[in-house]
């Protein structure tokens, strides 16, 4: 089940640089582990923003919430969640890809 | 070069039903041709909305504009375009996917 | 899996009264059938608005989208969807209800 | 009498961790006591947000205000209140549930 | 129990002048009957707007909704409802008026 | 001459508790003196908000500004002012109250 | 007593051209009569908009409302009213103009 | 050439009181000098706001920017600039004032 | 003197096709004449929008207003005007271009 | 490939003055180097704002993102990016400039 998630990062300017660097490193590891598992299939940087647009493939709402809540940068993020469904024009859906 | 495009469709209720059906059919064909060419790699329905979230892979801004301007439903759409860049945590980028 | 759905109804003032009455009657039947099945467990009127706040209990995003898309009043609605998860303070969750 | 209440929590990042933990614990106890009394019949987490959507069943506006004002997290919350009424399609209202 | 209600009137310019005049006359009668009963204790015109700010004194949310839904101008209104509670500085509340 | 005034209070969490308590006490006294004079005829708490909706009865704009500027909580408030006029449906205006 | 008033004009494209021309001519005459009386001391066009920013000098809120309500273009306007007071830096106020 | 300028002042609560008083004094002197020169012909206080609505009469955009940038309170202001043109109904323009 | 102007075009779907085509043709001729004169030095299409971002180089506010008001598509446009000044980092300004 | 970029600068008032001055100096040098290379062909100050409107000419989205992310003032900026395409009325496009 797919969800689009927009994450805007707002790290306070006075955050301790070591805490900052450590949090960003843990965020990257956390994201990449979920990418490798196929749970976080897409992550794109929004140009000119400290933001990303991601797609998650999860079992249900609770799994998605636990993942987002557990993001090391979660306390510094504004997050917007859009549930996605199959689109009737999607060639994967209609079997017209071939 | 990737762009996220959110399209909200607002077909007027008084549009002639035949025109409406024909426009939607042409929109589907138009979309699927671009999907098959790899130019429109993702199209998702936003749940509960007459909207889609799509990703386009184009040469440049002009190509993207020409594609969107040519959408049969373009006169009835609100469109929001977000240019995307590679994300430093993307395992495809960092070669950490394996 | 639960979703909160806010529906704002905007029926055009010039809609044919018979079409209007028929659409509203079909909407009511459609809603009540889903209520009886437990798929639409809550529907409340927002005071002073032609709007409702509802909760849906569905298998996945696609089922929710199909239900909303099929609403007889869908062409006249603005819909906002919020995916819901279990709340850690919910007594049903923590077994502290007794 | 029912009200939907959306609560967005914005705890400052520099709040003393002990004060933070204590406040959250008191919030949970406060909520659960009202849940057990039937005054706070629903509480859901909004996915990806430090927010909840709740339903309150109170005698009047003053009781609701006193409850919300007394929330341990009240100083850190943005709260939106929507008064709810019976919906004419609600099967509980129309006696069509059986 | 008090509620502040802001009503913005948007009568379509092409409404039949007789229907328009009749609706406005019925709105006035409807309002004045509720004013005389003490249910609609305040109605003020917002300067420069086809809008009013009103205060209602009702038994509960359902009574308020039925009143607003029954307004002859309801189909042409945008309505905003704010539940009100006693203010701790109100001299009527604190017995300090004398 | 009447004005509706909405006041949203945003006291910083790190304000000295004694300053805070003293400011709130002075605010209450200031408000109640104006209430007794008939200049501040209505003050209501907005449910679930650290906000009030008030009505002022003043000689002119300058008097209203001086009153609001002098509020002890003014530095911590967001204020919205709506000038009010007699409403043509008001039974007090039309002499239909009796 | 001064008020700033922003008026945005939205004449429907399908208004009868004669009605349109007549309404605009009456609007101009109405405005100029009030300008000559000193009640409408300033009227400026906002560049690139079918809008004006005006200043009115009236006895009270009711007079201002009656003037605005009577504007021939009132049914096609969005109006925003800002009550103005003397500014403490105004050289006219402080007698420092000389 | 005229511009309407709305200035909202947001002085941080923790600004040193002497710096605050000095900045406000310099702002007043700065404003009054420009008023005396005819460059800042109008300044009004917006009722209930730490804001002013002003009109500037300058040679060009660069002169206006330099003036606003040089305001002692500039670092604490939100500023909105609206270029103004002659209004065709202005009696000064049409020679109908006499 | 430079101004950035954003123009969003909203031609009604039911406009007569001949009127539409003629208006667009006149708009193009009008724009190109001003481009050739150096008054409209930049015009860019905003990708995916029936919108343009333009820069105008005019004598004063009145000239800009007359130009925009005279646009054949003006009745169907939403226009936003931003006055521009020299930027202190502009190499043209600082003579550091060479 | 062109992009319009609006940058709003929000330097915290409590930033160390030396850090502030140094950051601004580095920002200017960074901008001017890109201007000289033709990558940042336009930079204008928005009148009355600590903001600029710029146009960038880059190879692709990734190059633009890297440039913006590298701005010394990036941590203090709100940035809005608008991809631009050729406009069909542009005389440069249509060869009608001569």
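The chains carry the letters A, B, C, D, E, F, G, H, I and J, assigned in the order they are written, with residues numbered from 1 in each.
Please note the rule applied: contacts are C-beta pairs under 8 Å (C-beta built on N, C-alpha and C of every residue); 3 or more make two chains touch, one makes a residue touch a chain.
Quantities reported herein were computed from a predicted structural model and do not represent experimental measurements.
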{"item": "Contact-pair overlap exceeding half with E-G, pair selected from E-F, F-G or H-J", "value": "H-J"}
{"item": "Chain separated most widely from chain D, comparing mean CA positions", "value": "I"}
{"item": "Interface residue identity across copies chain F, chain G - same or different by half", "value": "same"}
{"item": "Chain whose average C-alpha position is farthest from chain C's own", "value": "H"}
{"item": "Inter-copy rotation, chain C to chain F, in degrees (Cα atoms; steps of 5)", "value": "180"}
{"item": "Chain centre separation in whole Å, for chain I relative to chain D (CA means)", "value": "50"}
{"item": "Centre-to-centre distance between chain H and chain D (centres being mean Cα positions), rounded to whole Å", "value": "45"}
{"item": "Centre-to-centre distance between chain B and chain A (centres being mean Cα positions), rounded to whole Å", "value": "20"}
{"item": "Sequence positions of chain A contacting 2 or more other chains", "value": "2-3, 45, 47, 61, 64-65, 81, 83-86"}
{"item": "Pairs of chains found to touch, sorted by chain label", "value": "A-B, A-C, A-D, A-J, B-C, B-I, B-J, C-D, C-E, D-E, D-F, E-F, E-G, F-G, F-H, G-H, G-I, H-I, H-J, I-J"}
{"item": "Complex contacts: residues of chain D adjacent to chain F", "value": "3, 5, 12, 15, 61, 64-65, 68-69, 75-76, 79-81"}
{"item": "Contacting residues of chain A [partner chain B, same complex]", "value": "2, 4, 27-28, 31-32, 35-36, 42-47, 52-53, 82-91, 94, 96-97"}
{"item": "Interfacial residue positions of chain A with respect to chain J in the complex", "value": "13, 45, 47-49"}
{"item": "Of all residues in chain F, those that touch chain G in their complex", "value": "1-3, 60-62, 64-66, 81, 83-86"}
